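Letters A, B, C and D name the chains as they come in the text, with residue numbers starting at 1 for each one.
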Amino acid sequence: MTGYNYTILIPIIPLVIFLVTGLLGMKWKPIVSGLIGTVGMGTAWLLSIITAGSYFFGGHHAEGFQTIIPFEMTWLRFTETLIIKMGVLLDPISVMMLVVVTTISFMVHLYSIGYMHGEKGFQRFFAFLSLFTFSMLGLVIATNIFQMYIFWELVGVSSFLLIGFYYQKPSAVAASKKAFIVTRFADLGFLVGILILSYVTKTFDFGQLTQPGTTIFGNAASLSFMGVSALTWAMTLIFIGGAGKSAMFPLHIWLPDAMEGPTPVSALIHAATMVVAGVYLVARMFPVIHFQAPAAQEIVGYVGGFTSLFAAIIAITQYDIKRVLAFSTLSQLGYMMLALGVSGYGGEEGLGYMASMFHLFTHAMFKALLFLGAGSIIHAVHSNYMYDMGGLRKYMPITHATFLIACLTIAGVPFLSGFFSKDEILVAALHHNKLLFAVEFIVAGLTAFYMFRLYFSVFWGKDRHYHHTPHESPLVMTIPLMFLAFASIFSGYLPFTELVTSDKIGFESEMNYMVAIPSILIGFLGIAVAWVLYKKESDIPAKLAKSWGILYTATYNKFYFDEIYLFVTRKIIFNYISRPIAWFDRHIVDGFMVGIGLVTEKASYKIKGMQSGQLQHYAFAFVAGALALALFMIYYLM
Amino acid sequence: MDFGQFIIMRQELLLIIAAVVILIAEIATSDEKKGSIIPFSLGLFVLVTAVGFIPGQEGTLFGGAYQSTQLTMFMKNVLNLAVLIVFFQAESWLKKPENLDKISEYFILTISTLIGMNFMVSAGDFLTFYLGLETATIPIAGLAAFDKYKSQSAEAGIKLILSSALSSGILLFGLSMIYGATGSIYFADVAAKIAPTPLIALGFIFFVAGMGFKISLVPFHFWTADVYEGAPINVTSYLSVVSKGAAAFIFTIVLFTVFKSIVALWQPLIYTIAVATMTLANLFALRQNNIKRFLAFSSIAQAGFILLGILGAGDLGMTAVVYFVLVYVFTNLGAFGVVSAIYDASGVETISGYNGLYKTNPNLSLVMTLSLFSLAGIPPVAGFFGKFFLFTSAAGAGYYILVLIAVLNATISLYYYLKVVKAMFIDQNDQPIPTFRSSMAMRIALVVCAVGVFFVGFASGIFEYIRSISQLFLN
Amino acid sequence: MNILTLLVVIPILTIISILFTKDLKGARVVSAVGMGIQLVVAAVLLFMYLGARQTGNMHEMLFTADYTWFKSLNIHYSIGVDGIAVAMICLTAIVTFAGIFASWEMAYLSREFFVLLILLATAVYGFFISLDLFTMFLFYELALIPMYPLIGIWGSGPKEKSAMKLTLMLMAGSALIMVGIFGLYYNSAPNGGPLTFNIIEISKIIIPEKTQMFFFPFAFVGFGILGALFPFHTWSPDGHASAPTAVSMLHAGVLMKLGGYGCFRVAMFLMPQAANSMAWIFIILTSISVVYGAFGAIWQKDLKFINAYSSVSHCGLVIFALLMMNQTAMDGAILQMISHGLMTALFFALIGMIYGRTHTRNVTEMGGLMKVIPFLAVVYMIAGFASLGLPGLSGFVAEMTVFVGAFQHQDMFHRVVTVIACSSIVITAVYILRVVGMMLLGPIKDPHHEHLEDAKWYEKLSTVTLLVSVAAVGIAPLWLSEVISGSLKPIVDKLAAVIPF
Amino acid sequence: MIQGIPIEHFLVVSTIMFFIGVCGFIIRRNLITMLMAVELILNSVNINFVVFNRYLYPDQLQGHFFSLFIVGIAAAEASVAIALIINIYRKLKNIDVENVNELKF
């Protein structure tokens, strides 16, 4: 299949930009790096749009979309069949992701020129952004699971670098470390999952793994470990990998802390692109999970559902606007996971799959918008905390408008994109699992509430005493806002059911009013409550908080998960594993080796009396030795 | 009588002549010119050594009581070479005023013992062997007590002479038993009649005890350290290399020829002694601070290694032993040479006294290091090859565990050798031995040693030559 | 002259030339030139090798030469290389080259330092080109002994003690090896004929299994000690902590590879059945060392200790992979050797350079170095990433090959331990990030560190050489992997022939 | 043979002499006495040689000759030993072997 060869340029462009700005950036004026990055990303964005256009709309797709591999090269060969290749794989979800990633990345690049203006390390920032984009694109277009793993790791590292961008700030360093280690831990699951999968199937190739009716799983069912089939293990472990990156409970703890990074980074990585990698991974492996490891799919669904509820509850109590958004992201990612967990395969059955991808797309737009808006606010106020803000609508009209759009979108207000995608998820959940549906339904209300709590406290309420009057951000920052607002509004109208489906064959879907109307209502309920509580400054929230007592405190402290992790790492791993091992090594193992030496030396001193200097002692030893040898010889050897 | 046949024992004859000539020279020189005996003797001995290397004739004398073969000639040449190096190293020591009147004594006594050793190596019967042994031992007692005014030297002499008297008594007792059992003192006849009977076993043990004394094997080694420490350095080096080497030669020859048929009997015995020797000597060497005493224990340990070669009980074993002794000559004399040079210049003979030596006397330190590494069996110096072949020999007889013990012992020995290296190179010293320039003769000797240590290993020709003559000898 | 012999001759000539120099300046220039030439020769060798393979020269060993040395014992100076040896030689050349520049300012007894350093390298080259067990053993011991003076004289901290411990433990290891070698030698001609030390000759016969079972542990543990096999690894932390920069580099980077290489070339290749029956013991030991080393590293405060324990972990993985005895895992093992060699050398180089500026190696006393010495800090960070297995750097390639290969093993036990070994990637991340976080990032802790000087040109050259190699292996691993696995094929075939799977 | 004395008697005597010699060497503190003990050992050896020769191998003289040489060498040994003992006496003013222990350990 030719004609898509240019797609290889999409990841290559950011790579080149990374290398160029990374190695030579110091020699230029900072702005040059920014411009190069932005222009490069713009090009990549255009290429992606062209790809998407020609892929989705460039032909007849009645029997489904083809999987196209325009480029592939062998990177490392393990065995005859286990080969890591580097390639470009185009199918509906990857093309969609290309668009998402390049769009958001382009917007963030543009935005960052304004946001990061005058920061030290401006070039470094753009280099890292490009590195991240490259990695993410590589992940998206991976032709095999190992390529995905490779870029998965690279994404993790770029995230580490960007979270820790303000490397002199201890909290940023700690956050980046945490993010990396937690996701690394999850990646271990991913890796082991890959190993099991490759052991069973002898291939890494997505094409072979996800082909319907494939025979590579042959006798896989007979393989089991601890009573669970090998593929369930594999898929659960791979899901753990995905859960780590997508910050599913209980591996979510890194994401809120990751907000220590510059806000554009949060928008790009921790809202729109990298965190959906886990969802993307599960979607990529969907046929395998669905057919070979239904138990794993159940887990996906429940973990997603729980995370979305859990995160939404926490989001209500947070004051740091970026953290609120972070928990909101968690909650939305939970939605996507849940959708995959409840999805079937093929046609209408695969509604959940479609919905998940759909929500991924819309969420990317509005969440990026929210973050960039938050960035704009922070830029103006120089604080992250809601109690430092209020009444900002007067000062920052564009930000205000776009932020409002985003809030409405996420709250599921009809005819905005979020409404459509969320609705599809609820429908899918309803069909498969009533419990999860109920959870999601509640979360929809909570989402609306906490988003508008945020919105009202920031843009309404009392004017704070600002150090200097907040002002609207420059154009270079507001253009992305406006573009994303536009996308948030209208991306819901994309015919996703026809484009991105589980079996790549489009289907028709109807609005399910039984679900849509209640969900709209609960959304409005949430907004209304927020209106009452936060539009005007009042002490009701505080009172409410007090009345919830311990529960509130627990929620405010994110259910103490950080503390639990700290306990596990600091206390158990450091104090109870590593320290004893270090001690054991120094004193027992090494002590033994040194001990041999010491004993030898001791022995050497003990026996010095033998050489007494007395000639007659020597003579006695001489004779006794000779006689002993004689006895030994005569009695034992003859 | 055909006096021409005495050409077979030309090496011994030359030595006797040399001894006599030095005696005459001593008489002929006036008191003021005693010092000139040194270069004269050195020159003479160079000549003797050189003549020794002229290929000689094989054959037997005195009805088989004396035998000369390529192998024994080679052994004698090794000994001559060693003595030559010792003489060169002794030069500056002999020049000291307190030794001026004893110069020729040193040469004559040393050459006498060498004559004894040559006879011992060439022995064809136990009588010649015994005579050689005693000739090689008794004068050494005199040499050990050479420093007349040092009580340590006197003590070394008395300890040596009494121990050696006891040991030769026991040795003789053993020989008498072997004679009683076999009816002959000729090696060839004894070998034919030897059988694993208790009497012969007892005789054999006593023989081993006697030889163990000379080679200083545990538990017959106790005299070694005391005598080495007490005796003047140039006597110690002579004792540790030449005397021990000659004894190792004849011990190997006797075991491989006379006691060949009871090899299964003596192998476990030698095994035990080897383990005991290496281990005990190493343990003692660990904590020595006197460099001579330290080298004494080190040389005991080396004797333990020689036993590994003997265990091979074949031409490879013989080759390994001879080769090792050759290597050992250069190696140990290198070490002793440095000790001697330093003692002559500064009177220091403790290891801690060597601290910081490299700063002031780098060349001496390097020679010392080279020698110590060779003693420890570190490649690429000759000691590695010597040890490796000894171990090859033992492994060939199936003694793998013994090889392991031996190499582990070599590791322990490396520890104390490195302690000396550490003293010279690493440890700091406020008053290091001042820089000095040793005498020409000493430097020649050290260069010869260093070159030998370096090249004997690589020169496979030497090994191959020894192998061929050993094969000739044993068949 | 045979190009392989040239590999030994050039360093020797370099040593001799150094002896004629007067001071530091002369010595270092001569060393740099000599090792530069050596690097070129190694590269030429690599291309010659690739060329020869391309033209279809499928002999097991290439560029062979054979000179009889000790005829009666059938000891030869027999040399030849396969892809693995070529790779190791290139590794050695790179690390040595970098090591010379890392010790550019070695003012104290500089001539002696360079002589010993290059002597060490000479022995390593000799080891890798040897086909004869005797010369191999000779070079092996020769490589160990310069460590003592190198650490003892130029080291820091409790240097004499560490040097002694290191030397003695490794020498004890070589005692075991010696027994193994003798065992092989005396069983090398079961049907009569001359005994031989030649590896290729011995590999053609099958030694009785009982004999193998006796000698395999000797040879394997002997080499394993140098490969930091648990529980014989304790020389490594002390030794590395006390050694001067270039010595740590060479030792961890190259010398420890001798252990792994010997384990596989001598112990496993020549005694496959015993290797198969006894593998489980050592697999348990190595999987312990992989995890244990990593955990051990977490608690350490001294940079060199951290790296030493990390080496224990990584080298454990080498032997672990070798014992899996399939082509992929062994390929991974060799890759891991190379990767670890480059990485760890880079680490030690950087640690040395950082120590030279801050005068402390205690991570808790440093902070925010990224701001003052960005070049070193960035390179350190990249090295850290390589160590924790970031794709695009060498560590990832090696580790993944090991894991995938090991996991293909038919036996459940092997797969379970593979998973355990895998877990080291997380622990590695913990300690690497801990160091990076404490030392490089955050605010500057010690006001004295505010005006440090960033890397000089020679330091840059040293680190960049290694860094480029690490990245080259990581970005384009295929050719290297192919070179190695091509050479592994005869070995794996031999294993497969005698081991009933 | 010699007036009907069997060989065993000689051998018993020589063995007893040998052990008396050994014990004397080990027990007696006087250096001269120790030297005498050595002479006892050597003489026991002489008896052995002579007796073996006379009784078992009467047709040759190897044993006799051996014992003659032993006598000779014993004399040489004794002379050197006594010279050294005198030397010791000069240093210590006694010839007690227990005092000859400057070199040890």
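Here is the rule we go by: a contact is a pair of C-beta atoms (placed from the backbone, for glycine too) under 8 Å apart; a residue touches a chain by one contact, two chains touch by 3 or more.
From a predicted model like this one, the values you see are computed outputs, not experimental measurements.
Student: Going by the touch criterion at the top, tell me which pair is linked by more C-beta contacts: B-C or A-D.
Tutor: B-C
Student: Pick the chain whose C-alpha centre of mass, unweighted, sits closest to the average of all protein C-alpha coordinates shown.
Tutor: Taking the mean of C-alpha atoms per chain, the most central one is C.
Student: Using mean C-alpha positions as chain centres, tell me how far subunit B is from subunit C in Å, no decimals.
Tutor: From the centre of subunit B to the centre of subunit C is 42 Å.
Student: For subunit A and subunit D, what's the span in angstrom between their mean Cα positions?
Tutor: 96
Student: Taking the mean of the CA coordinates per chain, how far is subunit C from subunit D in Å?
Tutor: 64
Student: Would you mind pulling out the distance in Å between where the CA atoms of subunit A average out and where those of subunit B do?
Tutor: Distance between chain centres, rounded to whole Å: 77 Å.
Student: Which subunit B residues reach two or more other chains?
Tutor: As it turns out, subunit B has residues touching two or more other chains at 158-159, 162, 166, 170, 225-226, 415.
Student: Going by the touch rule set out above, which residues of subunit C reach two or more other chains?
Tutor: Only 168 qualify.
Student: Multi-chain contacts in subunit D: which residues touch at least two other chains?
Tutor: 22, 25, 34, 100-104
Student: Touching pairs of chains, all of them, please.
Tutor: Taking the chains two at a time, the touching pairs are A-B, A-C, A-D, B-C, B-D.
Student: Considering only the defined contacts, which subunit B positions touch subunit D in the complex?
Tutor: The contact residues of subunit B facing subunit D are 126-127, 130-131, 134, 138-139, 141-142, 145, 148, 151-152, 154-159, 161-162, 164-166, 168-170, 172-173, 175-177, 179-180, 183-186, 225-226, 229-230.
Student: Write out the stretch or stretches of subunit C touching subunit A in their complex.
Tutor: Where subunit C meets subunit A, its residues are 165, 168-169, 230-235, 237-238, 292, 295-296, 298-300, 309, 327-328, 331, 368, 370-371, 385, 388-392, 396-397, 400-401, 403-405, 407-408, 412, 415, 418-419, 422-423, 425-426, 429-430, 433-434, 437, 440-443, 477-478, 481-482, 485.
Student: Which of the residues in subunit C end up touching subunit B in this complex?
Tutor: 69-73, 75, 134, 138-139, 141-142, 145, 148-149, 152-153, 159-160, 164, 167-168, 171-172, 174-176, 178-179, 182-183, 185-186, 214-215, 218
Student: Which part of subunit A faces subunit C closely enough to touch in the complex?
Tutor: Against subunit C, the touching part of subunit A is residues 74-79, 82, 84, 146, 149-151, 153-154, 157, 160, 164, 167-170, 173-174, 176-177, 180-181, 184-185, 187-188, 191-192, 195-196, 198-199, 225, 569, 573-574, 577-579, 581-582, 585, 589-590, 592-594, 597.
Student: Which of the residues in subunit B come into contact with subunit A in the complex?
Tutor: Touching subunit A from subunit B are residues 158-159, 162-163, 166-167, 170, 196, 198, 201-202, 204-206, 208-209, 213, 218-220, 222-223, 225-226, 264-265, 268-269, 272-273, 280, 283-284, 286-287, 412, 415.
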